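Several structures are given next for inspection.
You will see chain A twice below: alongside chain B first, and alongside chain C after that.
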Partner chain A sequence: MRLFIPRSLLAEQLQIVAKAVPSKSNLSMLEGILFTCDGNSMTLSATNLELGISSTFAIEQQEVGKVILPSKIVDIMRKLPGETVQLTINPENYLTEVVSGQSEFQLYGFNPEEYPSSPQISAQTVEFSFNVKVADFRRALRQTLFCVSNDERKPAFNGLLFSLQEERLTLSASDTFRLATTNCRVNKAVNAGKFLVPAKNLQEVLRIFTEEEETIHVLVSQNQILLSCRNKRITSRLLEENFPDVERVIPQEFTGRVSFDCLKFMQAVERSSLLSEAASNVVRFFISKDCLVMRTSSKYGKTQEKVSAELEGEDMEISLNSRFILEMLKISEGEKCMIELTGPNKPCIFRDSLHDDYLYLVLPIKI
Partner chain B sequence: MNWKDIHGRQEVFRVLRVALASGNVAHAYLFCGPEGIGKKTLAKALSAALVCQKSLEESCGSCSDCKQSKTSSHPDIHWIMPDGNKSLKISQTREIKRAAYFKPHEARYQVFIVERAETLTLEAANSLLVLLEDPPPRAVFILLASSPAALLPTVVSRCQLFQLPRLDAASLISILNAAERQLSLADLKRILHGAEGLPGRALLLAREGRQELYAEAVGLFGQLQSNEPITALADKLAADENLLLLLEALLTVLRDTMVLGSAGNSRLIMPVGEGVSLDCLLAKLSLANCMAAIEVILKLEKDLQSSVNVRLAVERALRRLKEVFENVDSSGGTL
Partner chain C sequence: MKERVILHADMNNFYASVECLHRPEIRNNPVVVGGDEKLRHGIVLAKNYAAKATGIRTGEALWQARGKCPGLVIVPPNFPLYLRYAKLARQIYADFTHQIEPFGLDEAWLDVSGSDGVLAADRIRERIKGELGVTVSLGVSYNKIFAKLGSDLKKPDATTLISRENYRSVAWPLPVEDLLYVGSATKKKLNLYGITTIGELAAAPPSFLRRMFGKVGDVLSTFANGQDQTPVMCLDEEALVKSIGNSTTTPRDLLCDEDVKIILFVLCESVCARMREHGFFCRTVAISIRDSALFSFERQVKLETPSHISGEIADAAMRLFRQNYSWAKPIRSIGVRCSELISAAAPLQLSIFDNDTREKQATLDKTVDLLRKRFGHFCIQRASVSADQPLGGINPKGDHLIHPPGFFKEGMIK
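And then the complex of A and B:
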């Protein structure tokens, strides 16, 4: 089989799938990338059996064939000198010649039949399905992914909880110190229920699905989730764990509600955190009728910041981890930011004025 | 791998089959027995049955899952083994832990087979214990070990334990026949004699040829008596894949020497191949020397079961053997 492909196109497509190639695997063919050419389109696939990425792109009329090439091809393609690349694959031993300009590579390919078939979700095995706008889904991921735990001892908190109900998808993430939930509108939703997706694999969704106007089709089976958008597909295994009931930890009544300018508040917290202690980054907040004072002290010195704010309800003193606050403020899109308070040693809820559905609950530090 | 392809383990199969058919699969199994008893074969059969699409009780052999498990490329069957001759590390059990909390890739279960579980370090065993205490619903663990005593009692108590007994001659013969080897009666006798009820060793002997091993063992004793440097010999032995088999052959040679020395009747020992003679050993070794040499080899066999530096253990044993042989010269005692 012989193929001619524009080099920059192939290099760009390889970058997309390369993230799913495991650096080391018991199954040696997984350390490669599967090339499938069906005549006028080419599909590249990679998987580490937990995350799978594939991308299809149109090429000019070519021969039909398949091969697994070692993942070195990603770097080779980036550095080759010519405009086009010629791939010549020997169907007997899968030795593949890569020629571009003055440069020639011979790569030891693998038999493509050995590659694990990418998970197929058929009408019988599908449990949930829905369509969602890329822009909506990306926004929801940005609002939640950052508070997923990296601690492998708590597998349930390494995932993002998807709850599908009618035309609404709720995403929730937590690391046991804080919790973020948000909604996005979906359509053509089939079935209602919950499932847990590894956050690490969803980072790839943010990286790969960047065309904001497009729609993502999502299919979920018992074990897998499949997200496809135009020519790209991402599959991920689901987590086998129970996420705690989110509704139960969210307080329903408040003693006070304070709102302030998001940007000014963020800058003040950033300055205060410069002096906070490394481990828990404590900043102490004093909230009164028309202003919010934050104080920090450590062995290096003390600082005080004042931000104008509007409080409805009782005055309050509360200590919070400034890193948690800053991570939320960075993704906040509205001009204003609100905090709903329930007591000095009780959780408080941050809200974004632009997204009513978004909720970010932080546990205070007891002093 | 189908249940009926494995011979002489009917009791084990009955238990496993019932568990599989009723869906009451234990979350962890522990198969125990010496090297060559068939732990891996059994683990293969059980894991193939657990991931088969068509049949609940056993691997059907024809579905895509069974084909993949046959070639050890099934994405839901994970084999975990120590690197080289070292121990199973905590990083490996952490990796198991991470993977176990995923749902299976495509099968009903995902299976983790831990080979040589006796080499788990204390931290690794404790980390695995956490997983065995609170296992993910669709993960099955199969631990393979030489003996339950080599594992932490807390780990053993969380597994369904199968002590695999040695097989009788009839089962060994059917295993050898299934492997399609044309064996003469004399060969068969020799293999059964050497296999000691271990199917794995029987197959290895059938493949390796016992004659050559026996000759190699006699040759090795010859080399030890000459002035050849021990280090080169130790290098060669430590790299030998069939080291344990060779040690068995050494033991047989010593046994035969003792039998010949005390009874003088060559009909009591297995027929020695042509060109191999025990005369030289017979002339040099006393009964006590033979016993001392046997102890050295048994000690080495035991050492090799735990996590040791193979090269060092072999060299140490060779030096001890040489001492035994040199002792002969100084005392001058012969049989």
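And then the complex of A and C:
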């Protein structure tokens, strides 16, 4: 089999799937990328059995064939000198010649039949399905993913909880110290229920599905989720863990509600955190009628910042981890930010003036 | 700088002397204080001079001691009594100086700079003998190391002066293993290079010692030359605690996870009670296991949240054990150690899901501590622990009061 492909196109497509190639695997063919050419389109696939990414793109009429090439091909393609690249695959032993300009590479390929087939979700196995706008979904992921725990000892909190109900998808993430939930509109939703998706695989959605106007089709089986958008597909295993009941921990009543300018507040917190204790990032907030004072202290010294604010309700003193606040403020889109307070050692809820149904709940630090 | 005057007081045959004082009937026999053989703690903890004369050594098994000395009287240890005597002795020391650094129960350094060391030492000896009825040996010197050497030199009831004038003739001929921090391994290594006395160690080039022993090489050189400068800590300066641990050789070999669970609970309760007493949380829990073939190892795990809740520490220890032991052999002894201690008053990030339960557990633990303080350790026990009497009947917190500290407090070796 012999193929001629524009080099930059192939390089770009390889970058998309390369993230799913495991750096080390017991199955050596997994450390490669599957090339499938069916005449006028080419599909690249990679998987580490937890996450799979594939991308299909149109090419000029070519011979039909398949091969697994080592993932070195990703870097090779970036560096080759020519405009086009010629791949010549020996179907006997999968030895593949890569020629571009004056460069020649010989790669030891693998038998494509040995590659694990990507998980298929058929009409029989599908449990949920829906369509969602890329822009909506990306916004929801940005609002929640940062809150997921990386701690492997808390596997349930390594995932993002999807709750599907009619035309609404709710995403929830927590690391046990804070909780973020948001909604996005979906359509053609089939079934209602919940499932848990590993957060690190969803980072790939943010990376790959970038065309804001497009629509993502989502199919979910008992243990897999398949997200496809135009020519790209991402599959991920689901987490079989129990995510605790989120609704239960969200307080329904408040003792106070304070609102302030988001940017000014963020800058003040950033400055304060320069002198907060490194381990816990404690910033103490003193909230009164028309201003919000924050103080930090550590062995290096003390800070005080004042931000004008409007408080409805009781004065309050509360200590929070500045990292938790800054991570949320950075993704906040509205000009105004609001905190709902429930007591000095009780949760407080941050809200974004632009997204009513976004909720970011943070537990304070007990001093 | 003015020359320091440092005393090292070492109560002679402390446990045995106290026992003999309280039991006139055995005073003239060879006596050893020994652990309980049924509980497999059967070693010689202390001996009197009559027992020493027969060649009995501290640390050997009681059956060996009996073999050396027919008619040997073995008495069980009475730690609270020894503790009382140690406190009484410290009260006497306190009449001479406020700078007292206890080293175990029966030893202490005193800084009496400004007064005549030998005179003070003789007065202390008289008062201890007269008021407590036991004897003490004292070393007088200008540094802690030579003071300790001195107290070992003449026993019982004696004062030895090692001064700048005489240390070459008194301290240097002594065998090198008499020096603090020269244990059997170090001694072997030193002997290999022909260093057998403290004088020879003092003469060895520091660069050579550093190559052989690392940082400790410098320390040994300083010690042998009488150049140690470490101050005598004040009595009320609590040694900086780095970790809190308890271990026990169990009354019988442990055969299954259930046995281990009982012991781990007993140990963790003790360790956690001590952490609570000192106001600590720990971030890391370690377990050490020694099997019936005396093979031992240690494993540790970091906690999600710093804790001193007995249940949480015990769960972490049990999980660690299950991950690391496959029961190829029964277990002889087991230990739990909590490290990376932080103050319990440090700011604590609250968690969304389990605050209530944690708070309740913490309150429960505090209540148990209080009950045990008022009514004794065994007034309240976990059901799983009380189910197995020989195993559950251990009270590590009460039974093991004596923790000889390291000579170096934190940060002293740099």
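In the analysis below, the second predicted complex is superposed on the first by the 367 of 367 C-alpha atoms of A that agree within 3 Å, B and C clash if a C-alpha of one lies under 4 Å from a C-alpha of the other, contacts with A are read in each partner's own complex, and residues count from 1 in each chain.
In this section, a contact is a pair of C-beta atoms (placed from the backbone, for glycine too) under 8 Å apart; a residue touches a chain by one contact, two chains touch by 3 or more.
Being a predicted model, the structure only gives us computed values, none of them experimental.
For the composite obtained by superposing both complexes on chain A, the positions of chain B and chain C are in clash.
In the superposition on chain A, A:27 contacts chain B only, with no contact to chain C.
By the touch criterion defined above, A:163 lies against neither chain B nor chain C after alignment on the C-alpha atoms of chain A. When the two structures are aligned on the shared chain, A:321 is found in touch with chain C, with no touch to chain B. In the overlay built on the shared chain, the residue A:272 is in contact with neither chain B nor chain C. In the superposition on chain A, A:364 contacts chain C only, with no contact to chain B.
Look at A:178: by the touch rule set out above, it reaches chain C but stays clear of chain B. Legend: residue contacts after superposition of the two complexes on their common chain; A:49 is shown touching chain B, with no touch to chain C.
Legend: residue contacts after superposition of the two complexes on their common chain; A:241 is shown touching chain B, with no touch to chain C.
Annotation: chain A has no residue touching chain B in one complex and chain C in the other.
By the touch criterion given at the top, residues 151, 153-154, 174, 176-179, 244, 249, 277, 280, 282, 319, 321, 345, 347, 361, 363-367 of chain A touch chain C in their complex. Chain C contributes residues 304, 346-355 to its touches with chain A in the complex.
For chain A in complex with chain B, the residues that touch the partner chain are 26-27, 49-50, 114, 116-117, 119, 152, 155, 158, 198, 222-224, 237-241. Chain contact summary for the complex, chain B toward chain A: residues 64, 68, 73, 75, 78-79, 94, 97-99, 101-106, 136-139.
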